[in-house]
């Protein structure tokens, strides 16, 4: 389904080439100052335009449909709409017959029995993350002074990010990337022992970001290679500060007051200009596909702000649950 | 909270040294044959006894409190209770004053303001996974012929598993492990584009298993290093079979009919016999801790069956949602 | 919160005098034909214009923002927006100081600490039911051939409805009404034994309609006066048809195949032109209020179609849950 | 499903003649003193024994399986089990062939395709309300000093309650009743404008109590006959106190600080000793049924404490949501 959260709830909607995309945010407390300007910085970080991002440029102007009065949240649902403008749908007609490898063309068709909107990926489009970034702006205000900072640390396995992107562009190919997210200022006691562990809830929303294929906390996969005496973080003082942070700030599913550290693996954009093999459902045999459309050579460039927004949404929800009494 | 699922819902309860642990399963369809014998194999796989597992031996006899009549599920909630028998609570008294590094002693105390049951980890105990394994037995029946197989592939970074465990035991230390899970026979179309993507839902429940610190699908973290032309899996025939499986059987959050492939990183058990540094809240300075209690040197040994159960629970829930019309 | 449903989920938003009101519908299956024309009949039934309804006339044109492609639902969320046009907000300025008796002026202010939008009732406005009627159009298609018919059977205690309304208008007063709803064609087996009994789920959504103060099924409150031998409905044939229908088509929380019969009590509109006593928060004493604004003398006139929509939404959700396997 | 609540969540399980019935309570804050004695008074009020109640006598001893340590709630789920002792299942064998009119025999069979436990009504049994009463004990502590008081005000349409019951017993018949519930001390601001209005949430849980067929707030069904000038409650002071209470303490779905007033209609017990007509599925024609089993002539006698518990559970959940920030 298209909802996340129990107390701070977000509901997304929209398609890449339809009327627009948006989000409905429910459970936001009243009295938070919010104006269209508040969205500018984060939306700009998500925007295309830089080398390695799609040539499709959208203005991405949020229209706040509800929930704000006199410059403050009212406590009622906040609905935000982004109209689509720069659409060029003719590019996508043939993907039903020849589904792009690595893309949702085939699975979308199977899930929705061929009724899904194929234009620009339809509801599968990364454009739907505009709503998530918007809700993140609000969530960041709610969880302040907790601070979330996500950065792209590697592309194609290298820290020399621009070179890797140039290389991919030159080859009409795409390239994956690794994002690191650090959450600081979160006090101890957020999260739950089992099903809604802090890792569970953060991973849930992070894996909903298109392109994410791996999530690890603290030492993560390296922890599988370690001994307890290496991995355990010695507690150094009464606030729970630890000398190392292999746990990524989480023990038993609950924040321990140290920084939360998350690594997120982003696969390369599946849509590439380079020729690829796929099955042709019309001829019923494998065939060569040369994809049109306009795409990001490195979608990972645009994802850090989405990671931040997603994390903020999850934290707002968990912090509300903790505060219930 | 202690619940998972929207249509196939499980609710866990219990503590390590209280009366027992258990699970309440709601939304199970009527007419599924179920007897106490059905649990034997999976519970045995979770059991301790082998080298590297805790010396605490429990009989782990499930008592089905409700929801079964004449050998079949009735459609009403199925509640299953495991009494605790072999408890030795005196071992745990001093962990409030000197919280074990890497353990939930400190965070549990912060979350529950000191009211949590400290004996044997209380509700944080891995013993609570008995309920998850039980619900998994039922979920596996529901999702058949989908098959889930999880195996421990590495311990301490090596495939020579028994040696690594012996080494850890000799050093009164513990060691982490890597589990691989393969789900075969799942048809295309299960999962959702965003918040309840197949990765999101599986990762959510997998990260609720104590000790899991990383989850990746298909190529996972390696995908961050790859180019699209390498990562994209060419579709080879009309059923959607792909020549490679870097996507781990999931595109756009939805199963594509190929095997689902998941890697899960398990950290080393935090409780070790070896001396460790931690903060002493009585003396208000760092101190040396030598933990008593009975623990697993390699908890990863007992987790594959829990991974299978958790995955089966998540799939049952998603498959029910898909079938709604 | 502003959501209803577990599988067929609706999320409402909007204010009376803001940009608009709307609904986001999630969980609608793909492949259902839907066009703007489909909404015309039900929206017209909700519309004002007849004697006894508000002089505020809105065009109520639904804009489908997402979820439809080529005339069919796609399986993605369907978001529908109604712009506000005929707003006259100056009418409402003084209700913060002198809350209207029977209205949400006082409670809205207490719940939202004064940040709620006071114009035209803000998010409390009956205008928000536009979204519910829209979702009902879709839900009715989903549950067909189940048929729902709600009618206003009494106003002010009398079946002579137009006379009672004229009387109220002449007195600048308002008047309540009684609505009967009959659901036919629902097969046996829908609903649940306890918390999500058919009565529970229907009453939940019916009591969310502004103005509803009582809901009863079958004999309802009369059942409290009856003996078992009178109330029990003799089963007459193998389909479960009963000779009487005191149960209103529901036994043990589950439909029995007979018509579902519901009575719904609608209180008189709280906003009236007639002078009333209320507390003046500026002078800190009781005072006389003469309310402006534009209101319905008998809001019950416009509610039958909302009752139908709400019932259809609840049934779609319950029927999806029943179909899960 | 068998769960209620978003933050204070209860999950019920069990059957009348199985191993037992119980409840799992999740989301209860830590630090609330709780012992087995706390349940005595409310469980006694629910118990049978008085004239008009079933001759089946159970000890109803709660066994707290989890979530309590040192006499206080720990924050972990609290699971409570009531063993069944006084079962006499042979009484119920023939109801599959001849379903009792007014009972869930027929609908249970249709919903669960014949797999439901028929003994003593199985999961449909009023015995399942033991769990609700237990959770109510805890919920009442949470919402204190809010006070809930439910009383049986009429039986068979008369305030002469004992006479009506004697009459029913003499005729081997049963009789319905009317319960009034008053919630005092609830501050203004609890509830929501639409789907989770205070009326919606209370009605949802009240209609889950077996036998409830009508719920009204304040003037309720009388409101349908009134004019606005009669129904509107004049606000008399700055705390929102009103001169009348036709709204039952709720405006716009939100508490206004006055007493919440609810009337609940209980139908007569469907199981009666008197002969009745029903369909015989073996002979395929209508037939005379003389029901055995042990039943309450006036189940309404035992319901007030369940109404209180259900209301307390709903309020605890809504109050937690209100407190989130």
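Here the chain labels run A, B, C and D in written order, and each chain numbers its own residues starting at 1.
In this text, a residue touches a chain if its C-beta (ideal position, glycine included) is under 8 Å from a C-beta of that chain, and two chains touch if they have at least 3 such contacts.
This structure is a prediction, so every number in the text was calculated from the model and none was measured.
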Neighbouring chains common to subunit B and subunit C, by label: A, D
Between the pairs A-B and A-D, the one where more C-beta pairs touch: A-B
Chain of greatest Cα-centre distance to subunit D: A
Between subunit A and subunit C, centroid-to-centroid distance (C-alpha), Å: 37
Cα-centroid distance, subunit A relative to subunit B, in whole angstrom: 25
Intercentroid distance (Cα basis), subunit D paired with subunit A, Å: 44
Contacts with 2+ other chains: residues of subunit A: 1-3, 12, 27, 76, 111, 123, 193, 321
Subunit A partner contacts - residues on subunit C that touch it in the complex: 1-3, 9, 11-15, 18-22, 24, 26-27, 30-31, 63-67, 69, 72-79, 81, 111-113, 115-117, 119, 122-123
Touching residues (chain side subunit A, partner subunit B) in the complex: 1-4, 12, 99-104, 106-108, 110-111, 123-124, 128, 154, 156-157, 168, 171, 173-178, 188-197, 199-201, 203-205, 207-208, 210, 212-238, 240, 242-243, 246-248, 250-257, 263, 265-272, 274, 276-279, 281, 284, 286, 300, 321-322
Subunit B-touching residues of subunit C, taken from the complex the two chains share: 6-7, 27, 29, 76, 142, 193, 320-321, 323-325
